[in-house]
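Chain lettering (A, B, C, D, E and F) follows the sequence in which the chains are written, and residue indices restart at 1 in each chain.
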């Protein structure tokens, strides 16, 4: 960083001032997972960004999914991954393996990373304090859960005690069953229940593109109505549909703004929140 | 239970009154793990006991170890368990698997069980909030950790917010290394740091026997001096030595009383705490 | 108690668990008085029950009446007890004697008993903090009061400071007059104002009987509508009518459930609250 | 009051300003009882003074004794008052009658009077919250108690909740015995334990006189040393000795200043505290 | 004061009791300024009155204007005072001088005076914590402000921390402009926003007179409707119109009672609040 | 700022992370005044820096002096500035003018500037809450004060209520006299009393130079011993002596580190605190 002198550094800091003021004491849920989590360098930068947001007064909640670790461990246990309609069919044993990997490996590794960077984090999963209650989604997918209730008190308690909460999206029910829960959906429900200022979904794409083959066709802003229309008229397809649907759900559950940002861009979280340049596609209520 | 009428039930409850008064608002650390954890029925009874203790005003902290699950998962990963001096040699990958199994499987299963019984629990491990800081014990055992510091604030925060804290004994250091920590030792440090009224170590033995082949030779009470003498003169041997050493450590770290109780006896926790009959071997300071 | 071993004791305790969870942090008003108060052994058991309920997290409020002590002291003062329509005619001097006996003798004796048992109680009367405001009921009964307002702040303050409040039902008005207040009525008003979970009226009868000569005709449950019907059609008579009317009032003032229990049965309070067997007649809202 | 115009009234108020500032948020214990309590008009003025002191920020605690009511009620019960060495010999039944009269009659009448004047008071006795623990003074006086411990938490709780605590000096022990406690002594212990700024003992005399037959020989100020000397050399005698001894005890227990004031002088409490003129005899530590 | 003996002093204090009870913990805004502020002796008495009100539990807020000091300093700076429609035309430099004199001289002198009398005061102006936001009133008067918003949090914070807030009525806007604000208007807005019990406007007149030449024609009470009618029908004129309009505004903004009192009468504040005699003209809502 | 892209901006922010963590929740007193205050652009940058420090969790207290405004206003009042030993001789009227200019003009202008930038500030002076108590320094300088006591409770209260305290260094005594207080000294006392992490003195020089004619001879770090030696051996002279003496005093009063920084360098506050490059001369305790 020899190319930026200290005066410019100070200027950069003060230019972030209005953004810092804007998000002071506001709740921001960061959904992190999947391919966006693979690159170790990027992961460290995301952790830095989260700690910095915490220090400048943002109440950051990290909600994470899994990724290749799950398939890997399932493999070790001889569990083959079968997908129906894009969802992993999950028997009881697999659900327990998913729980183990998410809550014991991915979650604690994120907490560990945050702490080595000076953060103060505590990792919990949807079982703790009955944070995510769920039921079976349908007959064919086994223990793939549909959220029936989120109880965000544990998250609020952790925030008030000064910790960065890191949440694994495992669901539970009163009988003690464990459910595999889609992390985007869980993040939307948690952010909605907390009336979060923003939900930031870190992905490994640039955002929503008008023309999927043309990166310059990035849509920077949509309201919910436009987003619904894009799904309806087929302008988006494949895995993008549930992602956008989650954004719509989050807004309708009470989040102010939802952004799909490109986790492959270094410090995209900070760029999105603390500069005048967006870093992906923002979706907001119709009246914005 | 048709053999106990309601009057006798009420009498039993009121006879517990002086014990309930005695432990009201006191901290009791329950070390749970190993073979004492294998029997599912007993496990449920232990959870019932813990919830009941919580409801009658005891501040219960659960510290757990692992057990057969760890070896099983290590096996799936092709990790053979090598023991030197009774301690598992733990390479980095194994330490991470131990973390995964303890924090993601054993811990969350206990939390889940507590919650299905009506408890309100949150599970954390030694990484969360940097609860257990450790360093390498020696050169040969790899990531087997020796505790350098315990920071019980996360546990206190959880207790104050009304949760039963359930703690996996994984250690961490500032560089992000993960350590396998002996659960008895961790429980002793945590209980000592919290100046717990009691540390209850649930085991699969009857307690300390004068004559290991004679169950009727159970020692009901020892002070620290006597306990040290027993180790010194060889009156105890094998795996019992570190167990008793942990009890001695706990007392010297500030715990009032430590009890090794027989986890195979149904409701031994309640019997030990709420009746006039002990359920194992109690070790206390010399001046008691 | 040699006939119940410790395992069974522990089982009894854990079987109480769901009931303990149910009443945790709930307000329960215990109306105690009259003949149910005569037997010293029973009185001690009632005190034990109240302390136990307090320790397991129930917010117990004791409201008591007088009984033979009042007549005795009135006799010493040469006051003859004249009853019109079942209510003692009370001149000013008699009202002051009732105050003295209730607030100075019965109340403090209960407090004293609770404390010798390890409870932490404070006794107040309806004058303290203007807890029970009243006016003359009618022209003929003198200082027999009708409640105009209850101000439960003193009770709430005592509960929050960790005391068991014990309340004598003496009423006052802004001019400084003192009123003799029916204890059942006062308990109903206080429980109603506090939105108590339960009002337990300890009496010296088995409960409401369909056939007063047949103890096996005990009515275990009535809703308010049924209770009103019983009064209307003469199914209950005599002193039972105002008792049931008080229950109805309490429900209508906001109490969830009211129970007339047999104070002559040892530990009937615990049996009613912590076992699956009732111990009298419960009255609840119509929709239960 | 036509003779004082409003300007002068305002001047009187502002001239009280430095005294009000001096006692703001300070604890003042007022011992009230005996003959000073007989005149109803004076009693009302004392209540007015207490309420006013409360409103200007003084933390007033009222400790009262009994008086003629006790003898009267004892008489009704056929209990003859026998005095040995100036102390009433008190059998168990008499102790209970004393309790009843003090806690049920005198106490509640004071509370009632305070409330009709706009105060917010709660009356307790030494049994409540085990406020005054005692043991037998000697073999001959029966249940005349010597204080073994005062536990002022109930008084502090009441003050913090905004009430004027009114305390009857009945003592208790762990076995449930009741003791008749000298009110001056109890006031001294309570004031000492609370490190009160002042203890004001309202009596029916002008204060300590050098020459008991000459009202103009009033001693306005003594330090503890001088007070002790007066007892030693016989300068005071009779009932004045224990009164002065109580003052000495109070100072030695931690009270800053103790004053024996003339309760027969209207508003002597206010005159003593809010004007530059004393109203009796003040005793303070030697270094004042 | 040799003419009032201590008994009468005490009586005066207790006769203030009902008034003290009435205003206990209530917010009273005292508008002080103009000619009422000129006489140093009167000023000291007003400060005494304010401190006394604070000590007896009234939450006093002082809002002050300027007076001759402003013209004097403007003169030193060569600023001639031009008035249009009774309002000083204020250029930017003059507004800054007004700010300096009000916030730096008048305000701090009042604070200083309060503190030398034993009060604990903090002086702020409408800039601090953006207490008074304003905009230009019109085109001709320059930086004469019209209030757009009052943010009373700083005042509430000071009251809660135990200070007497003293407020200079300088206004600000988001661009950093400074406005000269009419102190009567600012006091009305602040008192209204705080839902004050009373707004006391200290003036140098006797109050509202029916016949301006006849002091005995003082109107002691008006409701808002009557006050509006007096303005409408010309019964009041000149500088009295805006004064009364401010009173009407204050009532409509939420103040319970507004009084114009004669600051030339010594202790008129205390006389108005703590005696049965008024000291000026009170205006209240129509339904009083 | 087109020359720094958003990635670099984010990197700058995250590189400030360790410094932000270091000063989180720490008290930093910024002394601002004199010539460092003249340039309006620099002043805005200093305000930006202060707000940013506040938002990232630093507890900033601003202590300011005056400057040319004081002489200017004194001039308008015909007060000639006479200096003896470098200190302005201050008669009573001049002291009052200094108070007016500091507390009414300089202070409120800083507050106003902070607020237009989004800060939330409240300005007070040493009179408010008796923050700075002083006495005459000597016979010749009139109302030039020497600090006798600082009472930082008002500052702490403001910090806890979320405001940036801005303090004018006017002193007071119990008689109501006003004193002109050296701002460097006042800042040292305030920072010392608050056990501040850092005292940052913004000046219009580069720092302490070994050779006053050679800017490259800047001394970056001294401990107290070295600083004292420099004064003793004449290595520093003139106005630098009292500046360094103030730094020494501050350290000895309890401040951890004191820095004289160059207020003419844009954002020197941020550069000093949030980068690895110092911006002046730091003085610390001998053991650092």
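Here is the rule we use: contacts are C-beta pairs under 8 Å (C-beta built on N, C-alpha and C of every residue); 3 or more make two chains touch, one makes a residue touch a chain.
These numbers come from a predicted model, not from an experiment.
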item: Shared chain contacts [chain A and chain B, defined touch]; value: none
item: Steps needed, at fewest, to go from chain C to chain E via touching chains; value: 2
item: Touching chain E and also chain F, the following chains; value: none
item: Copies chain A and chain F touch via same or different residues, half shared test; value: same
item: Whole-Å gap between the CA centroids of chain A and chain D; value: 68
item: Averaged-CA centre spacing for the pair chain D and chain C, given as whole angstrom; value: 35
item: Approximate Å spacing (C-alpha centroids) for the pair chain D, chain F; value: 55
item: Overall pattern in which the protein chains touch one another (line/ring/star/complete/other); value: ring
item: Contact footprint of chain D on chain C as seen in their complex; value: 73, 76-77, 96, 99-105, 107-108, 111-113, 115-116, 120-125, 127-130, 154, 157-158, 161, 163, 170, 172, 174-176, 178
item: Of chain F, residues touching chain A in the complex; value: 1, 4, 6-18, 20-21, 24, 45, 48-49, 51-52, 55-57, 117-118, 265-267, 270-271, 274-275, 277, 279
